[in-house]
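Take this structure first; my questions come after.
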Amino acid sequence: MAVKVIELKCIGCGKCVRVCPFDAIEMKDKKAIITDKCTACGQCLEACPVDAIEKEEEKRRAGSVDVNEYRGVWVFAEQRQGNLLNVAIELLGEGRKIADALNVPLSAVLLGHNVDDIAERLIKYGADQVLYADHKLLDIYTTEAYTKVIYDLIKERKPEIMLLGATNLGRDLGPRISARVHTGLTADCTKLDVDLENRRLMQTRPAFGGNLMATIICPDHRPQMATVRPGVMEKAKYDENRKGEIVKFSPDLKEEDIRAKVVEVVKAAKAIVALEDAKIIVSGGRGLGNPEGFKLIKELADKLGGVVGASRATVDAGWIEQSHQVGQTGKTVRPSLYVACGISGAIQHLAGMQESKVIVAINKDPDAPIFKVADFGIVGDLYEVIPELIEALDDVDDIVERFKAVSQGA
Amino acid sequence: MNIIVCIKQVPNTNEVRIDPVRGTLIRDGVPSIINPDDRNALEEALRIKDNYENVKVTVLSMGPPQADAALREAIAMGADEAILLTDRAFAGSDTWATSTALAAGIKHIGDYNIIFCGRQAIDGDTAQVGPQIAEHLGLPQITYVEELKIEGNKVIAKRALEDGYFVIESEMPVLLTAIKELNQPRYPSIRGVYDAYKGDKVKALSAKDINADFDNVGLDGSPTQVNRSFTPQGRTGQGELFQGDCKESVKKLVVRLREKHLV
Amino acid sequence: MNFNLSKEQLMVRSIMREFTENEVKPIAAEIDKTERFPRETVEKMAKYNMMGIPFPAEYGGAGGDDLAYAIAVEELSKSCATTGVILSAHTSLGCWPIYKYGTEEQKQKYLVPLAKGEYLGAFGLTEPNAGTDAASQQTTAVLDGDNYILNGTKIFITNGGEADVYIIFAMTDKSKGTRGISAFIVEKDFPGFSIGKIEEKMGIRASSTAELIFQNCIVPKENLLGNEGEGFKIAMSTLDGGRIGIAAQALGIAAGALEETIKYVKERQQFGRPLSKFQGLQWMIADMATEIDAARLLVYRAAFNKSNGLPYGKEAAMAKLYASECAMNVTTKCVQLFGGYGYTKDYPMERMMRDAKITEIYEGTSQVQQMVIAAALLK
């Protein structure tokens, strides 16, 4: 067990038992005992009032490497059909900070066919170097081709850190690479820090549906890999004058290398809600009571010039498509204005929108948790409030004038 | 055809709450369920069994002894056999170590055409174990499966993207991960419940039984470790609340929004 | 004394809970409003062996026990008392008599499809002049060659008009009094059998409650259930078990009502705080929760006794008596706690109160239960 109780110090208060997210602590004869279920998450260490719990010495693990042989920060520049994904630019922004802290170069790994223009842009977005694999068989993403190319690059060049966007494809590719390399991969990170002393990446991510945050490290294996949640990190700035090195090559790939073949690529028929890019979002929750309520939400969204979002409850109930879902299992958004209507503010939803600049909440229940994160809230029936608000938005100048007059007059 | 479905017993994270005073997780009374994405994988395997001759569905899970209930539920839904990999040696595994153990379990079972996993578990939320198992076994993988067809020795899958999908074909054996859009899982039948608890339907195997690589399972076999965990500090908003007359509240809100240059 | 449910019973409960949440709850208000029999729910339940829970697999059942069955009725009734009684009447009243008293041929012909849910069952004892005084049967059955000819009317028959198979009681020998009543298995298509009035009711409105009309109805003599003259015994012993089903229904109604009410009083605010902070209301809730728990223990104990070959007549009567009065009491108080909203159809509370009343009346009124209990104690 990597966590153990110092029996002499234990006072049998039971705080650790209550706090353990894995039910891994039992009380026997007024002393705490750590059981098999322990994952060394450390919650008990923090909770113990008498410091009777400690972490044991870390052992060297199978597959560990000499970490000093690995240098450099890599980001996977995901492109689809010649379009560089926004998350790749976010990774370059974050990657730059990490590379600077560690004083190593930042490289972008680009796979595709005839995407030279993207390679150029990656330099302008801050990559010192672009490792650009150009091959017909890389035109469309396949697990096996992409894994093979990147694995060979890693083996050859030994980066210490590799970041990928936690997109549908990134989450297919990341674990395949990390398993082939035999290294650690942390999924869906929302925060990255650097422990300079140990040259370790501190990878923070949500677990338990967002109810718990965990900071993960990968001490003995390289590269330290992480997939990063899109829409969370700050984008890199574009600098037209930036210069860097593009290493273009054609990897050795054959048709037979790819066993799961892509036979068709289909884009969704509907215009997709680009929630992550929207400046204003109006979301509807269970408080709407029925799917018709979304008509009202759309009206308000249109009035404000924004898009429609939804809580998980409404998506699960079939009132609106999943592409509108904001939250832990939906999209993470950072708009300038987020209006939550009939949304209680469960932690899974907050996880997706609490970084919004301004949050407005409309809810019948004054105790709804959403009001704690909201900057402005109206307690009331949304079916009354929203029509009022839509009307009022035609008259903003007037209302502001009169309000000023009243407050000055008083 | 032999299909192995990997499932995980997880706490129902929708019901996990934070103790507002201590800022800690309250797990008391939170029921354990079969991970939702895994249920979709199991349902798809059972549909294949319904529609084709000679299909055997085996359910595999790595977990503590109480995961037995999840495996019984899978049998009650229609799975033929269940195997629980349970051993102190597996405790504290990260996704690498979990996938190594499951891969060893699968090798122990021997014959398979399809390995079906759920895309991700609602407690770990990583979506890594499926692809890692595929790598350990040297199999092609198709993740995020939202539709599946069998044609002879091939599978043809619609693989979901954020804004569309790929159609991917692969020969078997292949590893697939299921998402909730794939199907609507059936309920376990009541007769299934009673049959599931009869006889030897769930086999418990230890690390030794499956020839697991002890260096690569459990806490000591995990390349990643938890450095610390904490309950997320929520953002605290400005907290200006407008109650009372609806028209007045709306007016006050509009003024504030104008102040912030949002309208 | 082990108060824990078995692993199988726990799993049955969680399945029924999920099923109810997804399939039953969403249509409960609509079927009550339109008095529409939820045939689709019956078909779904049949698929999952829910229509024959306490019967062995060899007779098409789920191979479960009476407690699991009671739990199933309880869970369904938390959201929809109609669905609960459809299952209860079918299982306890329609299937069980054939299981207990049927010949092997009758079991194969009728019990198997009933337990599988391919047929729906019903029980016809009550007549215009024979309610609590069930022995005053006026329906007659006369043996004529290879058939019995039935004449008479039954009323207030649950699942009447929707069922495929009916257990019908009729007088074969008036001179023998209660020992002159016999039981018959009647198929809906037997000549001379028709459905009369369908009742419009206060509650369980989507449950089909019908008048059955027998006009020279031809029933093959193989369909005599048990022996001639055993009918009354069959009826009474069937009702003993049926009581457990109805008690479970009443329990479910009360438990479901309290669950909704607890959610409501935490949200609804008056005088600047939620209703849940007012002590008078807290006391009401405490009392109701205790009453419901007591009812639950009575119901479960009766089911346990039945499954384990222990005497259960008095116990089932106690459970039915207590649980039904509990349901009426709890739903009335819950409507009260909802205030004006409790009286409107926007909330399910008024329906639950309307549904609760019948549990004090059918399958033996509360007064009949008292008679049964007293008889057991004072003999």
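Think of it as A, B and C in the order they're written, each chain with its own count starting at 1.
FYI, a contact is a pair of C-beta atoms (placed from the backbone, for glycine too) under 8 Å apart; a residue touches a chain by one contact, two chains touch by 3 or more.
Being a predicted model, the structure only gives us computed values, none of them experimental.
When chain centres are defined as mean Cα coordinates, A lies farthest from chain C. Judged by contacting C-beta pairs, the busier of the interfaces A-B and B-C is A-B. Separating the CA-averaged centres of chain A and chain C is a span of 52 Å. The centroid of the Cα atoms in chain A and the matching centroid in chain B are 19 Å apart.
Chain B and chain C have centres, each the mean of its CA atoms, that are 39 Å apart. Shared interface positions of chain C, i.e. residues touching 2 or more other chains, are not present. With touch defined as above, residues shared between interfaces to two or more other chains in chain A number as follows: 366. Those residues of chain B lying in contact with chain C across their complex are 31, 69, 72-73, 76, 186-197. Of all residues in chain A, those touching chain B in their complex are 1-2, 18-21, 23, 36-43, 46-47, 58-59, 61-64, 140, 143-144, 167-169, 171-172, 174-176, 178-180, 182-188, 202, 205-221, 259-268, 272, 280, 304, 322, 328, 336-337, 347-348, 350-351, 354-355, 358-360, 366, 371-381, 384-385, 388-389, 392-393, 396, 399-400, 403.
Those residues of chain A lying in contact with chain C across their complex are 364-367.
Against chain B, in their complex, chain C makes its touches with residues 7-8, 11-12, 14-15, 18-19, 47-50, 53, 57, 61-64, 68, 72. Interface residues of chain B facing chain A in the complex, by the touch rule stated above, are 11, 13-14, 16-18, 22, 24-25, 27, 64, 88, 91-92, 94-96, 99, 122-132, 134-136, 140-144, 156, 160-171, 174, 181, 213, 215-216, 219-232, 234-243, 246-247, 249-258, 260, 262-263.
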